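Here come two complexes built around chain A, the first alongside chain B, the second alongside chain C.
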Partner chain A sequence: MAVEVSKEKYRSQVREVVLGATKEEGGTRSHTVKVGGETALPFLHFEGEMPNRPVVAMEVWDIVPEEWPASLKSYFEDVYDDAGAWAKKCVEQYGADLIAIRFKSADPDIKDASAEDCIATLKKVLGSVGVPLIVYGCGKSDKDNSIIGPIAEAAEGENLLLGVAEQDNYKSVTSAAMAHKHSIIAQSPIDINIAKQLNILISEMSTPLLDRIIIDPTVAALGYGLEYSYSIMERARFGSLQGDRMLAMPTIANVGHEVWSKKEASISADDEPGWGDQAERSMAWEATTAMALIQGGMDILVMRNPRAVELIKKSIDDLMQDNS
Partner chain B sequence: MNRKVVFLPEEVSLEVLPGTPLLRAAALAGIEVKSSCGGKGSCSRCLVKVEEGKAIVKSTGKLSGEEQEQGYVLSCQALVGDQDLRVNIPISSRLEEHRILFNSPDNVDGEEEAYGAYDGYPLCTRFQLSLEPPSIDDNTSDLTRLMMALRREMGKSSPETEIKINTAALRGLAKALRERNWNLSVVMTYFPGNVEVITAAAGQNEKPLYGLAIDIGTTTVAIYLVDLLNGKTVLHHGSFNRQSRYGDDIISRIIYASEDEKGLNELHDSVIGTINEIIGQILQQAGINEEEILQVVTAGNTTMTHLFLGVPPDFIRLEPYIPTFSSTPAVKAKDLGLRVHPEAWVHSFPQVASYLGGDIVSGILYADLAENDEIVLFVDIGTNGEIVLGNKDWMVGCACSAGPSFEGGGITFGMRAMSGAIERVVVDPVSLEVQVKTVNNVKPLGICGSGLIDCLSALKTAGIIDRSGKFQSDLKSARLRSGEEGLEYVLVWADDSGVEKDIFLTEGDLKNLIMAKGAVYAAIRTLLRTLELDESVISKVIIAGGFGNYLHIQDAIRIGLLPDLEYEKFEFIGNSSLKGAKLGLLSRKALNKARKIGNMITYIELSVGTIFMDEYVSALFLPHTDITLFPSVESVENRN
Partner chain C sequence: MGLTGLDIFKHLPKTNCKVCGFPTCLAFAMALANGKASLDACPDVSDQAKEALSSAAAPPIRLVKVGAGENVIQMGDETEIFRHDKRFNHPTAVAIAVNDNEDVDAKVDSINGLVFDRVGQHYEVDMIALVNASGDAATFKAAAEKAAAKTNKNFVLITQDVGAMEAALQVLAARKPLLYAADKDNYEKMTELAKANGCPLAVKGENLDSLAELVEKIVALGYKELVLDSGARETSKVIADMTQFRRLAVKKKFRTFGYPAIAFTSKDDPQEEMLQAATYVAKYASLIVLKNAKKELLLPLVSLRANIYTDPQKPVAVEPGLHVLGDVNENSPVYCTTNFSLTYFLVEGEVAATRIPSYIISVDTGGISVLTAYADNKFTAEKIAKSIKDLEMEGKVNHKKIVIPGAVAVLKGKLEDESGWEVIVGPRESSGIQKFAKAQFA
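Then we have the complex of A and B:
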């Protein structure tokens, strides 16, 4: 007698968000990337639809990332002086689905670069690759608030994914996305209520933006509370599937940023012989963190190490095989 | 050696030991100074000005340099040193200058209706007796003669129990019987296990028989003088609970009672003192003497009841939160030192749990929840939000710590619903101009609970704050400005206010309010979820508490304080604790029912389990993170 697999039916789904815009849509991207749209838990193809595969964005900085360990830095030695070339390498050689530009140079304590400098870099990257772009500021909100408007304006129509709106600081980036037709990252501190509240606050400024929000639930690296991030994602996904439209947004995770700032990623084997080879270990740390996150339903992974990216993309291929 | 302290403007002087805080010295001099934080130097409400001499200042708290130069000190942080002092206590720092309002217009009809059900079972009544004088053939004792007459008089309602007489009445009996030719008026009290002759006086007595219903609140004490023979409230009075000097909230007082050697006695004495002072006013106004008050019933929260009876409240505060008693036997007034007839019995309403006390049981009794077929939600909003849900067959209750915001605590210009408190706020969404209405229509002094609820709703509707309670910093209005604690919104300009300062709300105030409303709503949701019930089962919502003259239901829903039900389902009953105490005072049946209610309510401890915490964090938004719970509130989802 055949075993009847019991199936869960959900009444709702995650919103589908389109990133980037082609020429016909008012942008210059060679193609767009769709994320979200799931009607079941991750990869349970027998229970529902997962119309879009999780995607991987690779980070491109506008300065030399001195804080990266040598084993990671070495991949991009030849392109640090040219963000366009760096982006092109990520896409063409390492298969990045998206490029995430980080305008580190705008940091008042680093170069205090102007909005115009950032726009020049952005234009270079837009010219060198056809994939949709994610834009992060320097991480200091006052400065980011002052450059996000001009950047959004300069790339009007491109449907960039603009980061980041937070509960205490969502207006500048929301206005920029609203006025110049971009999408927006809504970041909350591992707190499902704030995630939802922030979506409501953003949608109160602009209802159409509801379909252009990507939630950054804030993740932790493996060993740093990953399971907590996972349980928040799980709750959000259950909420989405059960009809909570204010929580039903696709998600993004800053995997590389979390992993590479931890000592496990950078300490050499000489210092910690028991931990094994640093290059291999750090790559695996990023890949394992990312792996857990896609199992939790993450839609967009922002990563750094090309080998980790390769491993994850292979895993996504496998997981997307029909199991119904 | 003692130093002399003179308090101004009264010129009251006293001598105290060096090292005595000015706050305590003022209390010894009979001047009640505000002390919300209980003398910890954090609330700045006990501001006084040292005009002559120098005090030892332990801490200056939040005082500005300018204030310090002018001689202002925090009276809890300033100690008498080696100099005599002259200290001015400004009106704004005094408790007694503000008399409380009786917070709802007295609904006498409603009270009599509520009383009707208990008619015929008095707790205390008077019999006019005419006894056969003894003779040589009929030589039973005076007492036996009295008892026989009483049993005859009481007829069917005569209880099986033995009738007692107290020593004082017994001592006067022989004389009383003979003074007016064996005519006697006897005051009796009945309650389970006790039928007693309280007084036996010579002759007929046609004067009213008085009793007191007392609501012992953490902040205020309110008393009804009731004519026990016709059930009418003769007059009422209220005042601040003098325990306030040991802190505004219950926890500070429990700590004081348990950690200070004389703490328990001081707290007990100060609540008895408060009550006696109010009784004094009542006696004077009614033109009666204290011996004429022969029955007392009190309702208070668990801690207040403990302190009233002088029972240590220490373990109420500590996990697993166990009170010393839930139901307590009555005690004699003379044991408590109340200014009524010394032999009068004092009953206290029973408690459900440490944080669900006799005040709530009393409210439930008055609201008649235990007779209702349909499910009723009872909400008492004060520093603690107490919620009871149920009908005649079952009841569950819980208490959440809402913080004192609705009573004006923790809000920069917060105050209780007294004369001058802003109780209604209207904000024009275009000009962002503000109109306020105050209690008694005088110049505004601050803002009370109902005004705060209005304000939160009006600010949101006008787009001045967003759903998380943050000011929209890009607004063009002179009223929105940057203050010491961040952004603030001016409700009343100094020229129009009664405190000669701008009256404003800060983001911190709004945050406290949102936490308070979130806690109450989360507690309601927790009860419903624990029973797996939906809000739609609630047939009526009864709201009690000291909100001022009214509570604007629509605004309370709009900010997410109360569940989104039809407005007709809400009923505001004001100080139900006092009204319930009056029922108990008039009827032993009501008092027994209160005892049953106390036993019937299942207490849900919110700190156990995760439902409350989940509900609480999602309620910290206007109106709620889950907007579907508030369908009537215009929401983005409806528009979407």
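Then we have the complex of A and C:
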């Protein structure tokens, strides 16, 4: 007997956002990366389009990441002192689609590095890789607000993805993106209404930016409330497809940042014998968190462990196979 | 196809007696049509009406049980497509494959050893999937004997050879294993075997169409304890088929697919396999059969299952109030956090690991986490101050110092004003507590 397959038709779709800019477009990237554009829920190719596969950004720091467990640090030991070489290794050896630079050194409690120092690092990375870049500050908003303008100016036209705008602190980064032709990460605390509200606030400063916003819905790691993030993703994506244009942005998740601070990532098998080998478990923790998020509709995963990146990319290959 | 609420209403007694818990027979009929109520709740329904309504009264996905006695695994009985609408009821069971021609004792021993404890939950592998890899009935039976002697876990018996299935059932019938599988060639005999032994039966098609045909043939033979397999093994195809099972059963009331579904991984690399299985946990599998068994990979998988199957309407909470760790005295540190169980257990674990006897106040945030509760005004200076007072902390310690989570450092000033206590801002993540405590209290 022929089963009548159930296909959902949606009114709307996720906005498509282009990251990076080539020479012709005013930047220096070897290619751009498109994200978003979905017309159905993730990987349901039988009822809609998923024109752009989810992509993986790998993190590059401008200081030695002392707090990373040795099993993770060991991958990058030869490149810690050179952000350019680190980025190159991520792209050429580990297949990163994007590079996410974190200007940790700018933290007043670490090195209190200046905007000029950060710009020098950024230039190095721009010179060493051709992929589009994501830029994060040190995470302390006063300092980040003071360096984001000069950084954005120094890379004018590159269409960087600038992090992060928040509900009570979005003006500096929005101005920087507007003035110097970059895209922007709008971050909200696991709350769909705040996500929407923030997009409205940004669009009030600049309507054209609406097509250059990436939502960071804030994710939790596996075992630490991941289900909240998963459901927020599903609901937001559903809302986008049903026509909520202020929610219909592609999304980004700071997977590595959440996972690698957790006990499951670092505790040894001697201390938790039931949990098995630390190196493999921590890698799997990051990969599983990422997998759950792409099932909810995540478009950009910011990750750290090269094997987890490899596994996720392979899984995405499988998930992108036509299933109509 | 299911009936509409009005179709059902015609068969009800129309007494509006309210015994079913609904204000009117019509309201009850609507609930039945949506699979949200059971016809048993009506005291006056006639047998004739029962017969007519049995299909509409049943849940959209049948509850199928594997195992006997107290050791039963329930599958199916799902009513939702998205977990945020209402909880997914029966978490995906994990089975590990054991071939009958390998060292069965050793493999079952290793599977028995896969036990984990994490944030107050105990996990183990749910089932053994015994595979007739030898193709020989006697070997299959011998393997069933060995495995049965080694474990109390439930079984999936994997063979399409009726003779081999019969042989293994001589050993395991009383434990009500899942029989995998009936196919287009063996279904009559397999159904007979399942019926005679009261065991659930998996049905394997070659695609959705052939599966539907086969299920209807088996139902026509009078058996409904079924589990679905469309035969797909590629990740993307499995997701598409699982989505169809769930949608057609829940939204279209298509009874033929109203059964729990089984998924098999196709990847040989253990890490790739685990991620493939993670996909199926998120996308509706009631049972997954894995080839590999490694603690470090199963722990993330079962943790994901716990996340996906958490009730979205009921945050997992611990008892709010004062928790005492170790042999406390008037100098012991006082920490505070929310009563969200994940947060609380993490903080408790880390505070215990400091080996400094301590108090932890879990503030009643309705079971939500620190930042979410803060954003929602459920973790406020007023509330913490009230907890300090209500719990009479001033009579318990003589230092008037309280540690708050680093993520809500912003509460410090207000809490000091409200409580008169000195507020120490702790680390942002619980993983920093040991280092913090060493510096502050050692």
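In the analysis below, the second predicted complex is superposed on the first by the 324 of 324 C-alpha atoms of A that agree within 3 Å, B and C clash if a C-alpha of one lies under 4 Å from a C-alpha of the other, contacts with A are read in each partner's own complex, and residues count from 1 in each chain.
Throughout what follows, a residue touches a chain if its C-beta (ideal position, glycine included) is under 8 Å from a C-beta of that chain, and two chains touch if they have at least 3 such contacts.
Everything quoted here is computed from the prediction, not taken from an experiment.
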Combined model on chain A where chain B meets chain C, clash or fit: fit
Touched partner set for A:44, first chain B, second chain C, both or neither: second
Which of chain B and chain C A:246 touches, first, second, both or neither: first
Partner chain in contact with A:142 - chain B first, chain C second, else both or neither: neither
A:109 touches, of chain B and chain C: first, second, both or neither? neither
Which superposed partner A:196 touches (first chain B, second chain C, both, neither): first
Contacts of A:311 with chain B and chain C, given as first, second, both or neither: second
Angle at the Cα centre of chain A, taken between the Cα centres of chain B and chain C once the superposition is applied, in steps of 10 degrees: 70
Winner by number of chain A residues touched, once chain B and chain C are compared: C
Chain B versus chain C as contact partner of A:323, first or second or both or neither: second
CA minimum distance (chain B, chain C), superposed complexes, angstrom: 9
Residues of chain A contacting chain B in one complex and chain C in the other: 191
Residues of chain B touching chain A in the complex: 466-468, 470, 474, 617-618, 620-621, 625-627, 636-637, 639-640
For the chain A and chain B complex, residues of the former touching the latter: 167-168, 171, 191, 193, 196-197, 200-201, 203-204, 207, 210, 244-246
Residue ranges of chain C in contact with chain A within the complex: 82-84, 115-119, 208-209, 212-213, 216, 234-237, 239-240, 243-244, 247-248, 251-252, 254, 256-257, 271-272, 274-276, 278-279, 282-283, 294-297, 299-301, 303-304, 306-308, 310, 312, 340, 342, 346, 349, 369, 371-372, 375, 429-431
Residue ranges of chain A in contact with chain C within the complex: 1-3, 5-6, 43-46, 189-191, 194, 222-228, 230-231, 234-235, 238, 261-264, 266, 274-278, 280-281, 283-285, 287-288, 291-292, 295, 307, 311-312, 314-315, 318-324
